[in-house]
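Heads up, the next two complexes both have subunit A, just with different partners, subunit B and then subunit C.
Right after this comes the complex of A and B.
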């Protein structure tokens, strides 16, 4: 599970499943439940799905970047640096989640969402970015860097 | 049963090479070893004694639980107590005291006069606790009556008596032909009644339980006598200038005498490389290791590794350089022409793997033990030495930092230091005649070359072409799946993991791969 290409494939499948869950199923649910004053529900759902897709692709790229970095033959000689690199990618993931949420709020700035909906949006974007990166690297990092992700 | 008996300083130095070969996995399954030397304070001897102790400590913990065939410290080396037969019961013995020269005058005047004829007054008065000072005639007298009721001879003869079949006990002696102790001991113990046809060894007049071999080391080095000043310069000692004459006389003696050696190996070199400053004996006599000692140790291995039932008798073998350079291709490995290639490949593979192991362990493995286990990020370390126990806990019983485990690894570290120093000392630089290992890629002064500064050092220490793989590759090999037993102690597994990675590294980088052949059935365990 930690060696290429298996870790890449499993991560891709996992990202796809999450996307189906959050973009299609949860997106459909939001279309039925969200109350908008200005925008059309269809536009909101479409924008939401695009942003979820962007978050998913970027989260996937973060994980892939880590896999590539961790499998380089020279990485074993610079594990301290690898630790800093993982932390940087994790923070980038967190910033992506916040950034995508901000983008959604700006695009629908005339709408007012409930606290629960704000939390749900942030949770979904987090699931695709920093949470996805953390879980997938915790489980599928190349052997050389398997001890680096937090929680080992 | 295999015995190695090192005679004098050269015998002790050959023992050092033999130990390193055994540590690398190029040796018999079992070997008993002792040294004959009246100069117990001799620096060469002290070095060998210390090395044996470290070998035994390291082996006790690494091999006891290891899988069969694990090469590191594979040979079970045992030694009697004391390890050294120092010949004299008391210190400051003189030949005159030993033969009761003063009393002979009144008790047996003709014998007194004969002794006066055979020995000079200087020889009779010389104190012998620092060896025979290049005068084998003195040594021959005092070595002819070993005390069989005291160790090491008691153990030796007990083992011989236990043997049943002809040639069951293989005994190999090594010493120099040109010095004092060795030159006296090798012919003395070659006399039929001394070992081969001793009453406790012989089965009948023509058959013995002992298969007797020896290596006579011919002159191969020189030393600087400028250090011999003051009263020391006035005393009896041998100089390098005396070597050729002593050798010629000794060879003539060997040719004429009916000695009982089944196989005799003659090894020498005419390069006359300097091995350090002169010292007549004592702690100061500690010379740099030399490749001829390795060749002599290989002669011992050739004798001891011969398959049972294939022990020719009445043979002698000669080894010397053909060209100016001594490389892997020119090391004398075996008298059996069909086995040369397989043995050479095996020796190179084992020594290169051992050198890789020693370097990596000293540079990386042992220092890593100073880092708390929770701070080590290497996956192999976590898997084997700091594994998870439940969700939040760690199994600290596998930690090699525990005092008793660390003590074993300290013994391995100390042995590795000695191995690397020995291997590096064989090299004399790019212009030197010995082209085996490159000292400058292994040691920088007395320390190992920093692997972080010189990443490629580990992949370029052989004086042959290589793939020049670096230390990161070695670290990656530590992460490879291992076949090491889970029954191994943490220290055993730690050293074993490093050895496995070293072996793989050597095979990949230096292309030292197994060659099919009979060597595989004997030494390639």
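Right after this comes the complex of A and C.
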């Protein structure tokens, strides 16, 4: 599970499953329940799905970048540097979640979502970015860097 | 059939990309279009529809008052009679005109006798010249032909009521239309039947002194439009003095509809088509307020519409969970209508007291049956409640009441639809 290409494949499948759950199923649910002041339901659902997809693709790329970085022969002798790199990628993931949320808020600035819905949007974007990066690198990092992700 | 060699990774990738794009754009959206078979053409003015063959019954008022038009130099009345037949022949390839003179009774005359309408003797026939019984003429109007009555009207109140009732029965309830064309003509003669007694009147060179006479037309609306167009080539015929009372008033219209910002129980969906709208009622919600702007392109010769008397007719079908036939509904109600020129700003209240499901509505905005149609200003200008030698001598007795009553009869017989739209609602 920690060696290529299996970790890449499993991570891709995991991202796909998360995308189905959050973009399709949760997106459909939000389209039926969220109160929209001016936006069309279709526009909201489509934009939400596009943002979730962007978050999912970027989260996936972060994880793949870490797998690639961790499997390089030169990384073995630079574990401190690898640790800093993992932290950087994690923070980038966190920033992506915030950025995508901000994009959603700007695109739907005339809407007034509930606090719970704001939290849900951030949770979904987090699930695809920093949380996804953390969980997948925790479980599937190459052996040379498997101890670096937080929680090991 | 696909063999394993044909199932390539690129095909799988393409399929995945397609599925992704479809999911982004379409999943959970795409509602089937409304199942209403009506469209905007059903309520718009029909230009076509009059065949190239026409039968016209031309009724000429032969009472004494009319002789004043024939006697005046430069009579527009005589020019109109001279041109009427040729206008009909020019507008229709196959025409047949029958002539009648009427007053107390109605009598068919031949073309030669019709041509004697320029002579005073035409208006002195015993048994005809004393009273103007237009209602006796309207008895003869019916489908399949156009009736044209050339008269100066001059009915008393009782005559108006009888005449309007006749028009309603023989014209509007037969899905025919009525036209009123007013023409000003020089006049020199005696005016009878006025409430204050007969008086002499002679117009001068001042156009405002001309005395109006009328061509009342009854028949298929498309044929009346064609006849009016044919007559319109005459310099003394003005489109501004023609009123057509038909069940259709509108040449085109557009409807824009949206929910108000406060209506949080409603979410709007993309429009399924022209003059079609879709909304979701949120779970636990019941409805909200919809605001609309309706732009009407009213036919120039149609009566005006009184926005304060507008009515909304709504039909509803349930599309799911079980399909039902359309029934009248008051889920959508007209709350207010404000007129700004040809634009109506309307507000509707939508309430759905039903369970989850998909509903579709057909809403029709109709002119009110009482006071819904307003005669044009020229009618008031030509009308008087008491014409005498010194006051309104060249105006027509109770024209305004006559035309207003006609308009009301038309509206009550078939309340004209001004605009229609469909509304698809999904309750989640």
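In the analysis below, the second predicted complex is superposed on the first by the 152 of 152 C-alpha atoms of A that agree within 3 Å, B and C clash if a C-alpha of one lies under 4 Å from a C-alpha of the other, contacts with A are read in each partner's own complex, and residues count from 1 in each chain.
Everything that follows uses one rule, which is that a residue touches a chain if its C-beta (ideal position, glycine included) is under 8 Å from a C-beta of that chain, and two chains touch if they have at least 3 such contacts.
Here the structure is a predicted model, which is why all the values come from computation and not from measurement.
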{"item": "Combined model on subunit A where subunit B meets subunit C, clash or fit", "value": "fit"}
{"item": "Contacts of A:74 with subunit B and subunit C, given as first, second, both or neither", "value": "first"}
{"item": "Which superposed partner A:147 touches (first subunit B, second subunit C, both, neither)", "value": "first"}
{"item": "Touching partner for A:88 - first (subunit B), second (subunit C), both, neither", "value": "neither"}
{"item": "Touching partner for A:49 - first (subunit B), second (subunit C), both, neither", "value": "second"}
{"item": "Which superposed partner A:3 touches (first subunit B, second subunit C, both, neither)", "value": "neither"}
{"item": "Superposition-derived comparison: subunit B or subunit C, residues of subunit A touched", "value": "C"}
{"item": "Subunit B and subunit C, minimum CA distance [Å, superposed model]", "value": "34"}
{"item": "Overlap of the subunit B and subunit C footprints on subunit A, listed as residue numbers", "value": "none"}
{"item": "Complex contacts: residues of subunit C adjacent to subunit A", "value": "20, 23-25, 27-29, 261, 264-265, 267-270, 280, 282-283, 428"}
{"item": "Complex contact set, residues of subunit A against subunit C", "value": "23-24, 27-28, 31-38, 40-43, 45-46, 49-50, 53"}
{"item": "Partner subunit B, residues of subunit A touching it in the complex", "value": "73-74, 76-77, 79-80, 82-83, 143-148, 152"}
{"item": "Interfacial residue positions of subunit B with respect to subunit A in the complex", "value": "377-379, 382, 452, 455, 471-473, 475-476, 479"}
